[in-house]
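There are two complexes below, and they share chain A, which is joined by chain B in the first and by chain C in the second.
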Partner chain A sequence: MKLSLLNSNLKGDFDLIEQELEIAIHSKTKMLNDATVQLLKAGGKRIRPVFVLLSAKFGTYDIHTVKNVAVALELIHMASLVHDDVIDDAKLRRGITTINYQWNDKIAMYAGDYILARSLEYMTKIKQPIAHQILSNAIIEVCIGEVEQIKDKYRFDQTLRDYLRRIKRKTALLIAVSCELGAVAAEVDVQMQRQLYKFGYFIGMSYQITDDILDFTGSEKDLGKPAGEDLRQGNITLPALYAMKNPKLKTLISTINEDTSKKQMDSIIAQIKSSGAIEQSHAISSRYLKKALSILDEFPANRARKTLREIANFIGKRKY
Partner chain B sequence: MAVCDYVEQMNAIKELLNKKSYNSYFQKVIGSPQIDEDRLLMMSISLQDTNLTIPEQNIYITSAMLVQLALNTHERVADPDAVRQERQLAVLAGDYYSGMYYHLLAYLENTELITSLATAIKVVNEHNISLFQNTVHTFEEFLNEFKEVEIAVIEQFCLHFQATKYISFFNEFLFLKKMIKEYEGFQAGKSVLFFERLKEHYFQEGTNVPISNLSKDDSEKLSQLSYNYVEESINRLNNMIEDLPVLPPMLQMRIQEVLSRIHGLTRLSVEEG
Partner chain C sequence: MKLSLLNSNLKGDFDLIEQELEIAIHSKTKMLNDATVQLLKAGGKRIRPVFVLLSAKFGTYDIHTVKNVAVALELIHMASLVHDDVIDDAKLRRGITTINYQWNDKIAMYAGDYILARSLEYMTKIKQPIAHQILSNAIIEVCIGEVEQIKDKYRFDQTLRDYLRRIKRKTALLIAVSCELGAVAAEVDVQMQRQLYKFGYFIGMSYQITDDILDFTGSEKDLGKPAGEDLRQGNITLPALYAMKNPKLKTLISTINEDTSKKQMDSIIAQIKSSGAIEQSHAISSRYLKKALSILDEFPANRARKTLREIANFIGKRKY
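Showing the complex of A and B:
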């Protein structure tokens, strides 16, 4: 997400978050510092802090309070990426060597745990107990989602419901609580906190479905990995689920395993793309986006609402 | 507190801990987490002088034990004998236990203890990387970090409840417990951290020689050097026991077991060295 998308009046606050992230991950231990700085410099869309700050704009906005939530949420996301790379044995993340690949799994585990600890240190500067109940529930759900993802690998008989529940935990939940916690920290009224949660949830669902579509339609350069890699690794996403409604394609897709060659994968991806599955997936993504936008209509008309709408539209159209 | 009361409390905490850490898939692939009962006992003793009720103590101890389980489970990720799925599940189980400690304390509305335990996690992981990186200058500096990894969670827990009188004693006890594993590894010819660093710091030459290939003389020398550290720790532990209030018989029994085990291992090491 480009910062140019955002109101210029928030630019200073986003710069502050970026500086605070650098402070948060700093360690006197050189190797740890090298690893976490590398991760930070690799960038990322920072969508969680964006949602925290924009949601807080609907209440009593104090950047010195809200920044703690924004930093904590981004750090939790970063820690989960580091540990995910260990799980997936990944070599690259955003085109940069992963910590597990550059050092080893042990260092990646220590770095991930360190980042999570720093996240909780920031988060506990927020004193409302409900904020911690919301976030801790989300962390546990995300974890369960990851377990389900491993259990569901190469399970070709899974349903649309399995997929939607999985992406809710994997992505949508943390975006939803980013919105909700921004609102909690800014003492937005409870009804609107719930609405912001729903907005984040719908956006998160749409975002992940788009991500899953891009795995089939994106270029290796943009994705930082070969197209169809998720499917080759056994992650059955929405386009594959729709494609499998065709019995012939289901038989073909069900043969995929870790050893499936690039040539075979390219052929399968081409057939999925021509099956109409991509269009059907886009329709579902758009449906979630529409729900998110309709929630925005209920919010007071201000610059934060306008920016949230721009972000929602950006997510719907993004190509990488 | 009488022995039977400690047993009862520990059983209650173990039950709660098992409940909070349970996940059927973790259970199936990596089994139940190993609960260190000594740590549980130490935390229970620490809270005896506080005004907390037993149910409150149990839930606070459970939260700190979940942190320790998370750290220990993440150590299993690099287990060379584990298959890929076991390593993957070790990552997630550790994360799940961390999340569960946060969850427990969030609902108890104790944000200060969440911070204290997060600080312990931070300290342990910084020291772990530093130990791995091997940048400390003296063996004493190494030893401090080596011990800090063991004590950090209990230390932060005790500091939070202002129950500090046992911290130094627990520090020595946990060091000796850790040394049992180090000796067992050393005697099996494995590359264990304490002996590796001891070898590097004291041997001018041949530091690249694996522990399993050390000469009889060098191995004996390493055993003797390590014993000096163990002996100093035992002396400190005994002096502290004299200064502390009478320890619960359950802990006294465990101290005797640990000392007897470490004496047996050090004797074996020196004899076999």
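Showing the complex of A and C:
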């Protein structure tokens, strides 16, 4: 998400959040600090803070209040990335070596725990009890999703529903909650909180499906890892599920395991790409996006709505 | 901690907490549920709930309020055990196979995350904002402690101060916070909250030192793991630190690594035991216990104080 996309009047607030993230992950324990700083420096789109701030714009916007929600949510996301990289034995994230690869799985486990703990500290600054319930439920669902993801690895007979439930927990839920908690912190009325949650959910689903498409269509340079890496790791995403509707491709894809060579993967990816699966996946992503946009139509016509629409349209077309 | 030690009027409340722990760790995801149920069934002394309930007795005791604090704290403790077992490559805990050993490190990582998330859910039921701040700070310190523990492994030149700081974060802090939060939930006055925190801190220090002594003096049957296992794993505890004041023993102990044989370990343990280090460690443990008991003297003379004194004395003498 390029910041140029956003209203320039939010630039200062985003800089503030970036500074706060630096403060949040600091530790006097050098090894821990080195690990978390490296993660922060690898950057990221910071889409959760973006949604928190924009959602708060529909209520009584006070950056010093919503900042805490934005930082807490980005930290939860970062903590989950660190633990995900352990599960996936990932070497690179955004072109930077992962904590598990540069140090080891154990340091990564505790670095993730530490970042999560820091996020809780920021949440304690939010006074509404409902915010805490929403957040703890979200963390529980994210954890369940992560275990389900391990279980579903290389399970080639899984359904579209399994996939959708998985990406809800993996991505959509935390984006939905970002919108909802931004609204809660700004004391937006309950009906609108609910609508912002739904908007975030639809955007999140579309966003993750696009991400999963890019794993097939993106360049190694843009992805920061080889194309098709998700599938080789056993993460079966929407394009693979559509491709497997073709029995021949299903047989071929079902042979994939950790030892599948790059050459074999390249051939499988090419066949998935020419099967129509990418276009079908795009259609589903677009359907979610449309639902998100139609919710926006009901919102008051302010600058935040305009920016949310720009972001939604960007997500539909993004190439990285 | 045998429940017979406790006033029989608390028995019903402890049963309630045990039931609530079962509800808390339940998951529809079978693998996750199997893992957490196994952990719960392995039991434990539940000393954190004991301290929460007894501390609450100094204020407006309502089991339906303090229950949430007790469950949250026991779950945080359980989550940290699961992640600790990953770090230590532990095969057994209380004679039952660990999650990392029966499944794998990754499942254990997420099982720990899941249990921690559940604990947050219970905490959301506590209305006092200060309770949330106390708890998130405690989790942060526990995480830092765990990273420091990795860093300090096999570091034979560490000081007594390094050790004391480590066990504060590892054990004493969560027991101190159990006392403090029990008091907060029962709206005990602030001065008394502070005293209960200090009581818990001293008890926790004494408790962990006794635990570290038992690693040398306990039987394999009582410990659920071979004696001296901590030291072989590179965790340098108080008896080892005292033994190393003798230069010959220091040279010998400094040779320990993961490949040290059982026979070599048995010989080293025997030499530590005859060096006077166990007695010196007991003296330190007793000093902390005495401080805890002297705080109790200032408390109102009720049944809870009597039970806390019994527990303190039990901790000083325990053999398992």
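In this text, the second predicted complex is superposed on the first by the 320 of 320 C-alpha atoms of A that agree within 3 Å, B and C clash if a C-alpha of one lies under 4 Å from a C-alpha of the other, contacts with A are read in each partner's own complex, and residues count from 1 in each chain.
Quick note on the criterion: a residue touches a chain if its C-beta (ideal position, glycine included) is under 8 Å from a C-beta of that chain, and two chains touch if they have at least 3 such contacts.
The model shown is predicted, which means the values in this text are computed figures rather than measured ones.
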Task: Clash-or-fit label for the pair chain B, chain C on chain A - done: clash
TODO: Have a look at where A:Ser27 lands relative to chain B and chain C in the superposition and call it first, second, both or neither.
DONE: both
Open item on the list: For A:Leu116 in the superposed arrangement: first (chain B), second (chain C), both or neither?
Closed with: both
- [ ] Give one of first, second, both or neither to describe whether A:Glu18 is in contact with chain B, with chain C, with both, or with none.
- [x] neither
TODO: Would you check which partner chain A:Gln133 touches, where first means chain B only, second means chain C only, and both and neither mean what they say?
DONE: both
Open item on the list: So in the superposed three-chain picture, is A:Lys151 touching just chain B, just chain C, both, or none of them (first/second/both/neither)?
Closed with: both
Open item on the list: Quick check on my understanding: which residues of chain A belong to both its chain B contact set and its chain C contact set?
Closed with: 27-29, 31-32, 83, 86-87, 105-107, 109-111, 113-114, 116-118, 120-121, 124, 127, 129, 132-133, 135-137, 139-140, 142-144, 146-147, 150-151
TODO: Using the touch rule from the top, collect the residues of chain A that touch chain B in their complex.
DONE: 27-32, 80, 83, 86-87, 89, 104-107, 109-111, 113-114, 116-118, 120-121, 124, 126-127, 129, 132-133, 135-137, 139-140, 142-144, 146-147, 150-151
Task: Contact set on chain B toward chain A in their complex - done: 23, 25-26, 70-71, 74, 77-78, 84-85, 87-89, 91-92, 94-96, 98-100, 102-103, 105-107, 109, 111-112, 114-115, 118-119, 121-122, 124-126, 128-130, 132-133, 135
- [ ] Note which residues of chain C are touching chain A in the complex, please.
- [x] 27-29, 31-32, 83, 86-87, 105-107, 109-114, 116-118, 120-121, 123-124, 127, 129, 132-133, 135-137, 139-140, 142-144, 146-148, 150-151
